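You will see two complexes here that share subunit A, one where it goes with subunit B and one where it goes with subunit C.
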Partner chain A sequence: MRQMSAKTNRSRSVSRLTKKIHIGNIMFLLPTFILFTFVVLAPFIQGIPYSFTNWKSIVSTNYSFNKLANYEYLLKNKYFLMSLGVTFKFTILFILSSNIMGFFLALLLRQTSRFNNFSRTVFFLPFTVSVTAAAIVWSYVFTDIYGTITGLVSPLGLESQIVYAMVIIASWRDMGYTMLIYIAAMQTIPKDFYEAASIEGANAFQQFRRITLPMIVPAFTANITITLAWGLRTFDLPMVVSTTKRAGQTTAVYVYQSIFANNNAGLGQAAAIILTIILVVLTQIVSYTLRRIEVEL
Partner chain B sequence: MYNYLKRKFSYSHKSAGQRYFALKEIIRTLSTLLLICIVLLPFYVAILYAFKPVYEISANRLAFTQSPTLTNFYEVIFENKQFISGFKNTVLNTIPTVLILVVTTSMSSWVLARFNTRFYSLMYSIMTVGLLIPFQCYILPLYVNFFKLGLVSNNIGFIIARSGLQISISLVAVTGFVKTVPRELEEASSIDGCSRFATFWKIVFPLMTPINITQLVLNTVFVWNDYSTAIILLRSKESQTLTLAQITYFNENTTLLNHAFAFFILAMFPILVLYLSLQKYIVSGITAGAVKG
Partner chain C sequence: MKRVLATILSLVILIGVLPIVQAESETITVRTIHYMVEGEKAAGMETIQKLFSEKILEEEGKVIKFENSAYSQGTDYWPQLNSSINASDFYDIMMGNPGLYTDLIKEGYVKDLTGNEVIKNLGLTSGDMGDVSYEGKWYAYPVDFKSWGVFYNVKMFEELGIDVPKTESELLAICEKLQENNISPWAEWYADGASVDINMRTVLWTKALANGDKDLFKDLMSGDKTVHDYPYMKEALETWARRIGNWARPDAVSNKQTDANEIFVSGKAGMLYQGTWNIGSIEGLIKDKEFEYGFFLCPTDDSGQDPVLNVQVDQAFMINPKANNPDYASKFMEFWLTDCMGLWSDASFQPGITGAKTENTPPLLLALLEAKASGNTACYGDFTVPFTSAFTSAYRTALTAFAASIVTGETQSGVNSVETCLDYMQELFDEEIAKAAL
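Entry: the complex of A and B
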């Protein structure tokens, strides 16, 4: 009997202790959680019902529910579908160019030397510049340098080329990022692998194909997933270079314009939900597939 | 330097294999230099315009000016109201935001890294979901809520929103770091009777210094350059940050190109200095986890 009560006493004191730890933990989590809920979580949940309303101007709070009307309208709306097309085209080209350039730079600069460190610093420099300033300065690169040399019109001024110009600016800014990730991955490959391979008589290409590539697949996964997400949510760049041109308008800009400029808040919110679904589904599929490839290699 | 080059590129007494290697090195160096020139082109254009005297603008656009001048910079710093208020707002927004982020995420990350029962992993998943949801998905409710509370077009609203938006990214990086910090020290201090609060601030927080500096630097870059949050929440001209002010200024004064480019250079200057002096932290922060603001 006495033993049992001692036991329960102890377990009670243990649970009291864990409870104290638990409360302490919650105090540590609370500031972050409140901030996150207030800025991201609550607005995200609030936003879902808004997408089923005919809310017009954000100044008024006058709106009523109209079921799926927004979604039906959007899926038939020429401009929305066009913005999706621009977003996909931009994203695919951006993933390709930023990763190919980043990978190429990483191959060039993977060895640590003074010159290579300096070069890495330079290639990462654009990443620290604001997109807005970069876009405006680039518009002058296109007119003054590209225009003077080739005698052609700036691609930012042409509806047919504006997406390519945006891809160039975005890749210029982000290839330093992918480069750093690739270099970090390449530096984790033990040197013995290459030594062993060259003793076995493998040439440079075979070493690249059989050692470098398989060893840095995780870096490909990381870079492709992140550039996919950045590409799909591109907002700053088209906001600066093509607010007036539909040809360069991404879905993120379409959302912003609907809510803040065209007084179509409910519709814009529905477009944002569609964008979110696409983004979540695509990034999950891509990262899942790439991870499977990683395992197979 | 001369000896170095001579050693590297002298062919005379080298075998064919070494010659091939040297040739490869030359090609590598030259292509790197060429790429560096291309990457630096926009900077060249910006500097070119910013140092040109106003009257010289239309003459030979590509060549560097014969009489470089600093007047454009002086005029932007001392006379341009948009630059002055934009700079003030950016500094007043960036500093509190990065400090709030360091305090909140380091506290939470410690708990999230040390406990992995279902409750804590759920909290971690919830707070990192921000990585997946695009910002556009909640700008409407965010704006409406902030408007009701009087947080639109002022620094406090921007600070709250920007730190909230950055939490997911910072949390992933800091939690990953804390998992590599050994527990022994904090266990010893709690046996010694230190309260959890004291344990954290006296033992754990100092151990987190490397990741906290990285976070400070990276978040400064992201918040300083922020555009999407600013354009949604800072709707009055007085509350504009540098990123917004430079676009407004550029659109309003398309003829004063020299001033606009001096404006750009001055706006990016503090971040360039920060990047070049604390590069190590930025690079380690980037490579440790996929990070972008």
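Entry: the complex of A and C
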């Protein structure tokens, strides 16, 4: 009986401690959550009703509800679907290239040395440059260097190549960021693992396959999820390089052009909501899948 | 003791702050939003603002302060203006031709200037006033006008024994000759929507107005007519295609205006098809360089007749009656139009709408003023309504695909000929019409 009451007391104090930790966590999250609610969530929810209206210019106060007309139009519209296609194509290629390049750079530069530190800084530098500036610099590279050497048209001027050119610019800028995440993950792997593997006769590839890769899966999750979100909402890059070419216009640009430039605010808002739904669903699926892989490995 | 010291200190601070507060309360701030991102134009306007401030201080004893915000017209000007109005953050002076900002007019954000004495006394043509009107009412102060044509390298032409062409055949022969001498005939900039647009206008506007098709843009936007109903739409494309010929540089489709200017000034290309708004930029590039350029209106046929000058009001400014100081904003614009047109023209390299000139006015501007005064013009303001920004964007998208298809020889967005370009253009227009009907 005494034993049972001691057990109950202990479980009560454990539950009290758990409660305290929960409250502490909530208190830490609260400022960010409040900010997120007022700056992101509330405006987004407020904007939803406009997607069911024929609101044209955002300075206009005249509009009426048109039910699902905007959504119906968008889901059947060739150019909106094309913008989604461009967005997906860009995102997939961007995730692959920025992560592959960032990963290989991390493998090359994971050891700490003066040269490696310097190189890491150099590779990270483009990330500090704005996308707009990067796009302008690359437009010169494609025209004045690539064009002069090969005598070919800049890929930014060709509809068939513009997405690839955008991927090159975005990956050049962001591979330094993914590299840093991979390096940070690699540096958390205890050296003992590699020493033990060497003693057991594992070669470099086996060490990489059996130790490095499984240990840095969380870094893959982080990088892929972030680059996925960046890719899906890419806006500034196509705004600089593809204003008059539909082949390079992403959905974010479609939204912006509809709301601001072309005075179709209701339609643009509907497009924004479709994009947001896609972004949230895809990010959740990718993040969930990668976390499962983490556990399995 | 402490109290006495604290009181003395407070009094000293108060005495120091009072004049500042008083001065602030007497300062009148006039806020301007514009898209004159070219340095010389913005500087020209600031000079006029300074003169106006001095005048008001002298006459009324009031301090006028100007706050200017500049945004790129092609990308963020309209969104910025829209967003600021939506947030009740009003600018007193808003740059733009009213026909493009009809929503602002309908919602009462643009002052009705109909019958304004200063504008009336400028003696402008119906074409000039059409550019600053909407449904027959005046909504902006017109300051200067723009046109377009061919800038050429004078020294290069002299060395190769080339004369300014009078016919299209002569122009195409010049292209051949430059190409034979390993010089690109044109510095193209088709990555910029304005470039493809102005390449069409010489034929399109001139023929449309000559045919009495003043409703061209209105009918295309309403869907009452299609691009196939206007034969000169096709003619304009064909004429432009002949000019592009097989001489295009590989960078033609990726160049923007500034790139083309540099190619032209560096002597890599002999000619540049450009708007007169670009004169200031070229002048800036050739400062301290031995480079001389000339300008001629582009011949589009072999008739040998003088080409028609296209005219469109360039800098125009609307007043927001809901802003803090619309009266001083109007006074400033009227001061600009009456007392400072010569100064503006010299500073900005823009031909003034009033025809004002000074002893420093460059010969090119004098020639433009003379051509406009001759009346051999086709004015955008003579069309009943201009294209909205959505239609302008659709139009330019189709034209960009056309230019890229000629330069690269590849099909772009299904465009590989004049006919397919017209089909694509109409498809984009139909899309805009469908959106408007939602």
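In this section, the second predicted complex is superposed on the first by the 257 of 297 C-alpha atoms of A that agree within 3 Å, B and C clash if a C-alpha of one lies under 4 Å from a C-alpha of the other, contacts with A are read in each partner's own complex, and residues count from 1 in each chain.
One rule holds for everything that comes next: a residue touches a chain if its C-beta (ideal position, glycine included) is under 8 Å from a C-beta of that chain, and two chains touch if they have at least 3 such contacts.
Keep in mind it's a predicted model, so treat the numbers as computed, not measured.
J.: Based on the superposition on subunit A, does the combination of subunit B and subunit C result in a clash or a fit?
T.: When both complexes are placed onto subunit A, subunit B and subunit C end up clashing with one another.
J.: Which partner, subunit B or subunit C, touches the larger number of subunit A residues?
T.: Result: the larger residue contact count on subunit A belongs to B.
J.: Between subunit B (first) and subunit C (second), which, if any, makes contact with A:I58: first, second, both or neither?
T.: both
J.: Regarding the shared-chain residue A:F260, is it in contact with subunit B (first), subunit C (second), both, or neither?
T.: Both partners, subunit B and subunit C.
J.: In the superposed arrangement, does A:D236 touch subunit B (first), subunit C (second), both or neither?
T.: first
J.: For A:Y288, is the partner it touches subunit B (first), subunit C (second), both, or none of the two (neither)?
T.: Neither partner.
J.: Touch test for A:A247: subunit B only (first), subunit C only (second), both, or neither?
T.: After superposing on A, A:A247 lies in contact with subunit C but is clear of subunit B.
J.: Kindly classify A:F205 by the partners it touches after superposition: subunit B alone (first), subunit C alone (second), both, or neither?
T.: Touch status of A:F205: no partner.
J.: Looking at the overlay, does A:G157 come into contact with subunit B only (first), subunit C only (second), both, or neither?
T.: second
J.: Touch check for A:L41: first (subunit B), second (subunit C), both, or neither?
T.: first
J.: Once the two structures are superposed, pull the subunit A residues common to the subunit B and subunit C interfaces.
T.: On subunit A, the residues that contact subunit B in one structure and subunit C in the other are 58, 61, 144, 239, 256, 260.
J.: Which residues of subunit C touch subunit A in their complex?
T.: Those in contact with subunit A are residues 74-75, 78-79, 82-83, 85-86, 103-104, 106-107, 109, 190-191, 193, 196, 250-255, 259, 388-390, 393, 396-397, 400-401, 404, 407-408, 410, 412-413, 431-432, 434-436, 438.
J.: Which subunit B residues qualify as touching subunit A in the complex?
T.: Within the complex, subunit B touches subunit A at residues 28-29, 31-32, 35-36, 39-43, 45-46, 49, 61-62, 100, 103-105, 107-108, 110-112, 115, 120, 123, 126-127, 129-130, 132-145, 147, 160-161, 163-165, 167-168, 171, 196-197, 200, 221, 224-225, 227-228, 231-232, 242-243, 246-247, 250, 260-261, 264, 267-268, 271-272, 274-276, 279, 282-283, 286-287, 290, 292.
J.: Help me check something: in the complex, which residues belonging to subunit A touch subunit C?
T.: 54, 56-61, 66, 69-70, 73, 77, 79, 139, 142-144, 147, 151-154, 156-160, 239, 243-247, 256-258, 260-264, 266-267
J.: Which residues of subunit A touch subunit B once you look at their complex with the stated criterion?
T.: Per the stated touch rule, the residues are 21, 24-25, 28-29, 31-33, 35-36, 38-44, 46-47, 50, 58, 61, 105, 108-109, 115-116, 119-126, 128-134, 136-138, 140-141, 144-145, 148, 172, 177, 180-181, 184, 222, 225-226, 229-230, 232-233, 235-236, 239-240, 251-252, 255-256, 259-260, 265, 268-269, 272-273, 275-276, 279-280, 283.
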